[in-house]
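One chain, chain A, appears in both complexes that follow, with chain B as partner in the first and chain C in the second.
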Partner chain A sequence: MSFKKMNFLLEWKKIKRTGFFAAFLAGGILAGAFPVINTAVRTEMFISSPGSPAAILMSANYQTMAMLSLLLLTAGACILYHIEYADNGIQKMQSLPIRESGLFFGKFFLLLPAFFLMFCIQCAAMIFCGLHWLDPAAASEGELFHCLELVRCFGFAFLLTLPAALLLLFLSSLCRNMWIMLGIGILGIFLGTMLPSDSFAASLFPFAMPFQTLPGMEEDLVIRYIIAAVSETAFIGIIEIICIRIRRLFA
Partner chain B sequence: MNIIETKNLTKTYADFTAVSHLNLHVPKGSVYGFVGPHGAGKSTTMKMFLGLTRPTDGTFVIDRKSYPHNRVKILKEIGSFIESPAFYGNLTGEENLDIIRRILGLPKSSVSDALELVGLTQYRKRLAKKYSLGMKQRLGLAGALIGRPPILILDEPTNGLDPVGIHEIRTLIRSLPEQFDCTVFVSSHLLSEIELMADNIGILNHGRLLFEGTLEDLKEKAAVQGYPTDNLEDTFLALIEDDNIRRGEKR
Partner chain C sequence: MNILSLTHMESRKIKRSKILLILAASILILWIPNIINADINFQMDDIGISPENSFFIQGFMGMVWFIYPAAMAVCTVLLVQTERANNGILKMLALPVSTSALCLAKFILLVLLSVVYVLLSTGAYYISAAAASNMADYNLVLMPSYVLPMIGKLFLASLPMLTVFWMIAVLIRTPIFSVGAGLASIVPSVLLINTKLWFLYPMCYPFYVLTSEYGNLAENMSASPVDLIPWIPAAAAISVICLVIACLSFGRAERR
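Showing the complex of A and B:
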C-alpha cells in the first residue's frame, strides 16, 4: 500500500465517532439551503437582474456560502487535530515509525473530500435554483450551459479555498487547545471579509481569496488567482514541513 | 552485547539540566530497571530514545543504529509506553491498537494477541475514554507490546494499577525476554518494584547516573560504602540522600 494511501486510511480510521463528515454534510446542506430560500423569496428581483443566471446567483449568494464553508473548514481542522491532542494520541504517533508530515498531509487529504462534498451540495443547490427559477426554459430544452458555468464557478472557488483549508489545518496542528485554534480561525475569517475587495494584493490573504467569484472576472485575473492559490497552498505545505523539523529540533 | 548504549547523553532546558552525561549500558535480552526519584530524568532519557526530545549533547546507539540518522529504523524496533497513556479517546481499545497495527504492518491477529496479553479482551469494544486509569495503562502497554518488538521501553508501567494488576504486569514484564526474546528497559521510582523484575539496574538522581550493575553489585557497593544492605529500598534512599548532600541540596 502506498504511503499516502496508508496515511489517508489511518486518518479515516481515527475520525470515527467525531461527527466530522456529518458536520460537513450538515454544513453543505445548510449552505445549499441558503440560495434556495434566497431565490425562492426574491425570484422577481433575480429574474429582472442583468447577467447570466450563474452570475446572478453567485453574486447574490456566494459571499454567505463562502463564509459558511470557511467556518466549517475551521471546525473540521479543529476536529482533526483535537483527536490527536485530547488524549495525547499524537505522542503515540510520534513514537511510531511514521513521519509527522505524513500525518499532516493524511489529514489534509481527508479534509479535501469533506469540503469537496460540501461544495458539490452547494453547487447542486445553485444549479437547482438556476433551472427552477431563473432559466426554466433552458431546463426543459436540456440546455446545460448555465449548469456548466456554475460548475466552473464552484471549481474556481474550490481551488481558491485550498490555501485557507491548508492554513487552518496548519494552525490547528500548532494549537494543543482547540478553542484557541477556533478563535484564531474565526478572527482570520472576519479579517478576510474586512479586507478591501478591490485590491488584488489584499485579496491574496488566504481567508480573503475564497470570497472571490468567477463571473465577471477577467481571464488574466483568473489565471493570476489560480497561480496564487496553488503557490500559497504549496508554500503553506512547505512551512508545515519546516515547522515539524523546527519543533523536533527544539523538543 | 549491549542493545542500548549512551555516551555522555545530556539534556538541558535553559538553565536546568534534566540529564547529565549519562552513560548507560543495557544488555540484550535483559530486563533493565531504571530507578530514580520523580524528576530524576528517567522520562527525559526515554523520550530521547524515542526521538520525542532531542539530546543537547552526547549520543546513543540502539541496536547498532545511531540517532538521529536512523530515527525511523530505531522506532521500528521499539515498543514504548511513556508517562501517561496516549490513545484516541473516540476509538475503542481494539480500534486504537488497530491503528498501531496498520502503521507497523502487522497481521490482524496481533491486536487480539496484545489485548489478551494485558487482559483487556473483554473490554476491547469499549471506548478508550471510558476506560479506568488502570485499563488505560493496560491499553498503553498493549500498544507497546503489539507485534512483540525486540526492545520495550516502559515508563512506570504499573502506575494507576491495583495490587493485582501490578503483580500481573510485573510477572508479564519479567517473562518477556524469555517469551519473546526481547529487551525491556523499564523505569520506576520504586527500587522495591524494580528488584522484583530487573536483571540490571541503573540509579539516576538529578540527571546523573549514581549506579549501574546487577542487584548483587549494588548490595556489594552498599556494604563497602556503609549504606544499609538489609533492605534495598533503604540502600536506594541512602544513596540518593548521600548524593543530595554532596550536591548541597539537602532540605
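Showing the complex of A and C:
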C-alpha cells in the first residue's frame, strides 16, 4: 500500500470514534436550520425585499451561517490534532518512516469532506427556503435558475473558507494544548469580524474572507478573491511544511 | 478541605496555562478598532444617542455578543482538559474530597476568570475612551458611577451562561461535541434576543441587557424592557439545575 493512501486510512481510523463526522453533520443541520427558521418567521419581509431570491437569502442569513461554520471548523481542526497530542501519539507517528507533512495533509483531506458535507446541507436548506417561500413559481415551472445561483454562491463560499480551514489545522498542529489553539482560533475569527468591511486588503485576512458573499459582487473582484483564496491556501500549506522541518531540527 | 483552599489549589493548576494572555489579547482586538473608528460615534444623529454613550455601548456590544461567551467557553475547556492530560483527574478523585466540592471549586475559578475578564475590559474601556477623547477633542469618558453598575449588571447576567457552559463541559466527554456545543450555542443569541422567550436562553442574557440599555440611551430606538419577573426565577432555576447536574456527574465517567 502506498504511504499516501495509508496516511489517509490511518487518519480515518483514528478519527472514527471521536464523533468528528457526526459533529459536522449536526453543525450543518444547525446552520441549515437557521435560514429555514429565519425565513419562516419573517416571510413577509423577505418577499418584499428587492433582488433575486439568492441575493436576499444570502444577505439575510449567510453571515451567521459563516460564523457557525467557522466555529465548527475550529472545533474540528482542534480535535484532529488533539487525538495525537492527548496521549503522546504524535511521538509514535514521528518515529514512523512517513513524512510528518503527510500526516498534516492526511488530516486536511479528512477535514475537507466533513466541511464540504456541512456546506452541502447549508446549501440544500437555502434552496429549500428559496423554492418554498420566495419563489414557489420557479419550482412548478421547473425553472431552477435560482438554485444554480445558490449553488454557485456556496461554491464560492466554500473556496473562500479553505484558507481559514487550513490555517486552523495549522494552528492546531502547532499547539499541544487544546485551549491555546481554541483561544487563538477564536481570536482570529473575532478579528475577522472586527476588520473594516469596506477594504479589500483587510478582507483578505483568512478569517475575514469567509464572510464575503457572491451576490452583487463585481466580476473582477470575484476573480481576485478566487486567486487570493487559492494562493493563501498554498501559502499556508508551504508554511506548515517549513514549520515541521524547523520543529524537527529542534526536537 | 474547605472550598476556598480547593479553589486556591485549582487556581495554581492553571497558572502556566497562558489563559490570561489569550483573554488580554481578545480585549486588545476588541478595543483597538474601537479607538481607531471612534469617529463613527459622532454620526449617530438618526439614532439619537450621544457620542460618549455610543462609544460605551459599541465597545461592550462587541464583547457581550461574541468574544466574552467564546472566551469563557475556552476557559471551560482549559479547566476540564488540563486534568485529563496524564490522568491528573484520577489523582484528584482519589483524594478524600467530595467530587461535588471539586466541581464547585472549578466553577468558582471559572467565575473568577470571568471577573478578571470583565475587570480587564473595564480598564480597557477607560484607557481607550481616554485615548479616543484625546484624538477627537471631545470627552468620551463616562462617569464610573454609571459604568461600574452597568458592567456589574452585565457580569451578573452572564452567571447563568457560565453554569450552562460548565455543565456542557462536564457532561459531554467527547471534546469535539463539548467545544462545538459551547461555541455554537453563542450564535443563536442574535435571533433569540428579538423573541419573547429570550429569558429561557442564558447565552443571550448579557446581550439582551446591553441591547435594552442601548434602547434606553438612544432616543429614536424602542427599548425592550428587562422584565425581572419571568427572568430572575427562570435564570435562577436554570443556573441551579445546571450546577447540580454538573456536580452530580463530575468524575462519574472516571469512577466507573
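Everything below uses one rule, namely that the second predicted complex is superposed on the first by the 247 of 251 C-alpha atoms of A that agree within 3 Å, B and C clash if a C-alpha of one lies under 4 Å from a C-alpha of the other, contacts with A are read in each partner's own complex, and residues count from 1 in each chain.
To be clear about the criterion, contacts are C-beta pairs under 8 Å (C-beta built on N, C-alpha and C of every residue); 3 or more make two chains touch, one makes a residue touch a chain.
Predicted model only: the values in this text are computed from it and were never measured.
*Asks:* State whether A:Thr193 touches chain B only (first), chain C only (second), both chains, or neither.
*Replies:* After superposing on A, A:Thr193 lies in contact with chain C but is clear of chain B.
*Asks:* Which partner reaches more residues of chain A, chain B or chain C?
*Replies:* On the superposition, C touches more of the residues of chain A.
*Asks:* Using the superposition on chain A described above, determine whether A:Thr18 touches chain B (first), chain C (second), both, or neither.
*Replies:* both
*Asks:* Looking at the overlay, what does A:Arg245 touch: chain B (first), chain C (second), both, or neither?
*Replies:* neither
*Asks:* Applying the document's definition of touch, where does A:Ala86 land relative to chain B and chain C: first, second, both, or neither?
*Replies:* both
*Asks:* Going by the contact rule set out at the top, does A:Leu96 touch chain B (first), chain C (second), both, or neither?
*Replies:* In the superposed model, A:Leu96 contacts chain B only, not chain C.
*Asks:* Regarding the shared-chain residue A:Leu9, is it in contact with chain B (first), chain C (second), both, or neither?
*Replies:* first
*Asks:* Please identify the positions on chain A that touch both chain B and chain C, taking each partner from its own complex.
*Replies:* Common interface on chain A, chain B vs chain C: 18, 86.
*Asks:* Tell me, which parts of chain A touch chain B in their complex?
*Replies:* Interface residues on the chain A side: 6, 9-10, 13-18, 83, 86-99, 248-251.
*Asks:* For the complex, which residues does chain C have touching chain A?
*Replies:* Spelled out, the residues of chain C in touch with chain A are 17-19, 22, 25-26, 29-30, 33, 37, 62, 66-67, 70-71, 74-75, 77-78, 81, 84-85, 174-177, 179-180, 183-184, 186-188, 190-191.
*Asks:* Which bits of chain A are touching chain C when the two form their complex?
*Replies:* 18-20, 23, 26-27, 30, 34, 37-38, 64, 67-68, 71-72, 74-76, 78-79, 82, 86, 177-180, 182-184, 186-187, 190-191, 193-196
*Asks:* How about chain B: which of its residues touch chain A in the complex?
*Replies:* Residues of chain B touching chain A: 50-54, 72-73, 75-76, 78, 80, 82, 84-91, 95, 98-100, 102-104, 127-129, 143.
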